[in-house]
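The structure is given below, and queries will be raised subsequently.
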Amino acid sequence: MPSERSAGVLPGGPGEGVQVVIAGEGELATQEMTLSIGPQHPSTHGVLRVVLGLDGERIASAIPVIGYMHRAFDKLAEARDYRQIIALSNRHDWLSAFGNELGITLAVERLMELEVPERAQWIRMLVAEWNRVLNHLMFLGSFGLELGAMTPMFYAFREREDIQHLLEAATGGRMHFTYNRVGGLKEDLPRGFLKESSDLVRKIRHRLLDYEGLLLGNEIFKKRTVSIGVLPGEIAKSYGVTGPILQASGVAEDSRKTEPYLHYDQVEFEVPTGAHGDSFDRFLVLYRRIEESLKIIEQVHDKLPAGPIIPAKMPKNIKPPEGWTYVRTENSLGETGYYLVSRGGKEPWRLKMRTPSFHNVSMIPYLLEGVLLPDLIAVLGSVFFVVGDVDR
Amino acid sequence: MIFYELFDNFWAVLGLKLGVLFIFFLTAPLLIGYTEHKVLAHMQARLGPMEAGKFHGWAQLVADGVKFIQKEDLIPRAADKWVFSLAPAVVIVPVVVVFLVIPFGPALVNSDVAASCGAGGCGWWGENLDVGIFFVLAVTSVSVIGMLMAGWASANKFSLIGAIRGAAQLIAYELPLVLAAAAVAMQAGTLSLVGIAEGQQSMWYVVPQFAGFAIFITASLAELSRPPFDMPIADSEIIFGHMTEYSGIRFGLFLLSEYAGIVSLSAVATVLYLGGWHGFIIPGIPGPLWTLAKIGALGFFVIWLRATYPRLREDQLQKLSWKYLIPIALLNILLTGIFKVVF
Amino acid sequence: MTPEELAKHLNETGLFERDEVAHGELSMWASRDGWVAGAEHLKECGRCRFDFFTFISAVDLEDEGFEVVCHLYSVRRQHHINYKTLLPRTEPRLRTLKGLWLGADWGERETHELFGIDFDGHGDLRKLLLPDEFEGFPLRKDFLLMSREIKEWPGLKEPEEVK
Amino acid sequence: MAMTKEERQAKIREVEHKILAKKGIGAAYGLAKGLSITLRTMLRPAVTQQYPHVKPDLPPRTRGIIALQEENCTVCMLCARECPDWCIYIDSHKDVMPPKTPGARARTRNVLDRFAIDYALCMYCGICVEVCPFDALFWSPHFEYSTTDIDELTHEMDTLGKWMDLVPLPPPLEEGAEDPKEIAAEDKAYDLPAAAPAAAAAPTPADTAAPAPAAAAAPAEAPAQGAPAPVPAEAPTSAEAPPSAEAPPPAEAPAKPERHEEEPPQIDQETYDRHIAAGKSDREARALAKKAWILKRRQQG
């Protein structure tokens, strides 16, 4: 059974290639070829490794091998206080740093039963949505790059640069924002931020049309992605797949909508869903999610109240009372959840981080079985993951 | 005059022609490569190379060449050493040879030089072969042997997949290429490239043979493994196809052959469809310049496609060839034949 | 269903040992032997319908043993549950949930390598995140965090008194 | 017909979608549309920043480097203790000051001997800057300090002090924001209207006298487990601070560990020698030797 093959011991050393054995009169027996994609391979953007069993160009089995970037977040968190954890949680999914830190602050605030000032909540939404756009643009570009269209990647970086510059003005960081604090935010927005932000919304909305023209409307792109890697909704839920991938499979599950946190219940937006759950739908959902995020950002601009950004009476030491909670947030790639167990100390007793990419990648073998080697790219590129988020 | 007498000497003429062609072979691909750097960059809202050579990085490819020469030439331990080291040469030689028969300009008539030439006449070409078009199509397909050699000898699975893809692609696209060219030969009534170019005095063949032109360009792209048909080297799937294990100057030769391939196939397409050295609208520009301008324009188009399109899948590529291009090319031949007979 | 309603319903089945609601979240404890039966009920029962697998992990409670936590969500009914069980430290062993939710496969592998909890019937408890030659169970409390041990804490120093 | 730009675009898009939905012509249109986008971009100016020739324009909050205002530091150790990476190293000694009035008691104050940040470890979280109760640490957007050797990334007090020149003023806040605590306190002190711009946090020693007590009134966080609280009374001015070169070298600290109730880790000499012989750097060998020592001791009991 190929799927039971251990990833550690690979048959076929370097140079063995395909071994052709003449089986009998006029017959040709071929052997399955093992191809190791990664850990350093252009299409795995990071250090994911997929061990493929190939029958010609058809994938007979696929085993993801992860852990090359495991940094023991759970263990490190047990040796840090909550402010330090915010800085640490920035770093596993480096494309949606703000979403990560938001989850942990919400968990601590729920345990401590803190009232977060209104203004802080709205600003959190604003930055979180910008961060989502930032993240989605990256995947919008890299998916094209993996299919051979290199231009969208550079356009994506052009847009990302503008957003990063905007967020840097507020948070001081281009990727690792460390902007949240338990109870609120580190500091308020700098003057002129809202104007720049609303200008940028218009700009990005206009530029999104470029991606539509280059990819979504392109016949070659459709040929490569339509009905490739079809993921049924039931399978997705069973694997714990979330975010754009689950939505592309027709399940409109988005915790911003179903269990609103912050003030997501006070803004209007849609949860885009796909009809078929193939690679094209996943890409389309990602694209639509950017549009929805831009809508939310505009509404936050209008609704942002004045006031403090951190409660006037913050406890000196952040020590959540004994207890446990699980807080889930809709991060860029799906559900980022923190299961926090506190024993009243200034460090958590146990902090389990549930990351979307881990579950997305665990589903890869299901999608890859039976597709062609070139489709591996169309599938891997549309199963959006960040390796740091997989390995933690 | 001693100068014209020189043209009587077979070896002197041969040496001169080879020298000129060699210089062209070395500079034209570099120009195309530099254009690709710059055009791709600007299409992607970047600047491209800006440092080497100070002015807009004009010397970038020269610097790259020097870098390739300096780098260590690695041969994997498991590789088939002879085949591995020979492969780049097998890839590059056919591309060079193609330039021998490309006519860049008109025949030299009413001059002393012309008088001293032999039966084939002389002009802006290396050799006026009677079966020029055959020669070009035959020679260009030799490259794929080099590709297969590289893929097999590298002892790398990615290389092997790339090489096999390349071979499959060549088999599929040689046919439409030949069929499209055959229609042109029928139209012109000659197999000589010079003859074909001369035949386009009044009308470029792209007008009556537009379908053939489209097929020829598509098939050339596939044969060159240029996007959107670059599956043999598809960098995001199989690293760099047959070139994965190469480094140093051998890798440089592969890259050179890719750009030289763009030049040579653009040149062939220019001669077959775009009227060769014949100009239009603006009179007084010498023929060779027209040829170079047309080659440049086609090269730009090839780069433009690379900037815009994703890559097709191998089986879709085959389908495109066998189900669409070949039937259309056959139909094109049929129509051309009827056209020739009727008029 | 609200957590309270869900707790009431689940308690009526008799498959669970105890429940707790905190911060609007429900925890149900099952016995070790009733782990799979409880999970099956959570998945199949029309009033629960936990079709979404969120995560499975554990908490080291030191003397009390290990608490395995499995978080489930129902997309259809939109309610959550923390499904837990307590394992003794001496013999941390549990039946697998792999057959019920596909996501449990990797989750249990991860829990196995980080806590040393065995999942019977899983059949493929290879290392997932850690290198193959790694020894020990890092998330147990008795596993020292080396990066904190080998370096002296720079915050220790106090200003020297002048002699 | 007055149509706004957005409306016109929306209309064009609608027509485009109709064309794209058709089978043969839609594909051709889609392919041509792609070509038009790249061509259009080519004819527009590029967005590349010519970095070494043109310096980037970074916002004042950018976390580039941490600069140290040495005079403001009272060696309270908060930054070193709050640092998640343990990358701040501080040495200091106590100095006896002559009594201000004759007959009064002589007072002691802390003098900084060494303040170093290991930027190879630093994760640029900014916690040290945030917890500093006396405004001695500041962020600057400056970022050009890369080195070819990782050991050179540990920057000492003099470099950190020089970087003070690169610290910009904090930006004014967006409308609707509340003034920071320090400014609000100062406004109150000078009886100013509340909405004054946030310029007072400027990093001059003279200014810090005012914000310091306000910040000290609410020290960000008490240090870990019973370490002494900072001494806010003695914010020394630059005139009084002795040059650090003259300060006596600190004796080997008889550091009593508080965090772990074990003796501090020592070095397993054998392992250390082995790694040095194997060509490892001193830093690496030391770390490995410490690890070996701990493991050995754990085995023993």
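When the chains are written out, they are named A, B, C and D in that same order, and each has its own residue count from 1.
Keep this in mind: a residue touches a chain if its C-beta (ideal position, glycine included) is under 8 Å from a C-beta of that chain, and two chains touch if they have at least 3 such contacts.
Remember, it's a predicted structure, so these values are computed and weren't measured experimentally.
Counting C-beta pairs in contact, the pair that comes out ahead of the other among B-D and A-C is A-C. Compared with chain A, the chain whose C-alpha mean position is the greatest distance off is B. Note: centroid distance chain B to chain D, computed from Cα atoms, is 57 Å. Chain C has its Cα centroid 23 Å from the Cα centroid of chain A. Distance from the chain A centre to the chain D centre is 28 Å, each centre being the mean of its Cα atoms. With centres taken as mean Cα positions, chain B sits 44 Å from chain A. Contact with two or more other chains is made by residues 151, 155, 158, 214, 218, 220 of chain A. Chain D has residues 31, 34, 37-38, 41, 47 in contact with two or more other chains.
Residues of chain C found to touch two or more other chains are absent. Interchain contacts give a graph that is no line, ring or star and is not complete, per the touch definition above.
Looking at which chains touch one another, you get A-B, A-C, A-D, B-D, C-D.
Residues 40, 43-46, 76, 78-79, 155-158, 160-161, 227-228, 230-231, 234-239, 306-316 of chain B are the ones that touch chain A when the two sit in their complex.
Of all residues in chain A, only 14-15, 17-18, 33, 35, 41-43, 57, 144-151, 154-155, 158, 214-215, 218, 220-221, 223-224, 372-377 touch chain B in the complex they form. Taken in their complex, chain D has these residues touching chain C: 75, 77, 80-81, 83, 86-96, 108, 110-111, 223-224, 227-228, 248, 250-251, 253, 255, 257-260, 264-265, 287, 290-291, 294, 298. Residues of chain A that touch chain D in their complex: 80-81, 83-84, 86-88, 90-91, 119, 151, 155, 158, 161, 165, 168-173, 176, 178, 186-194, 206, 209-210, 213-214, 217-220, 304-309, 316-317. Remark: chain D residues 31, 34-35, 37-39, 41-42, 44, 46-48, 50 touch chain B in the complex.
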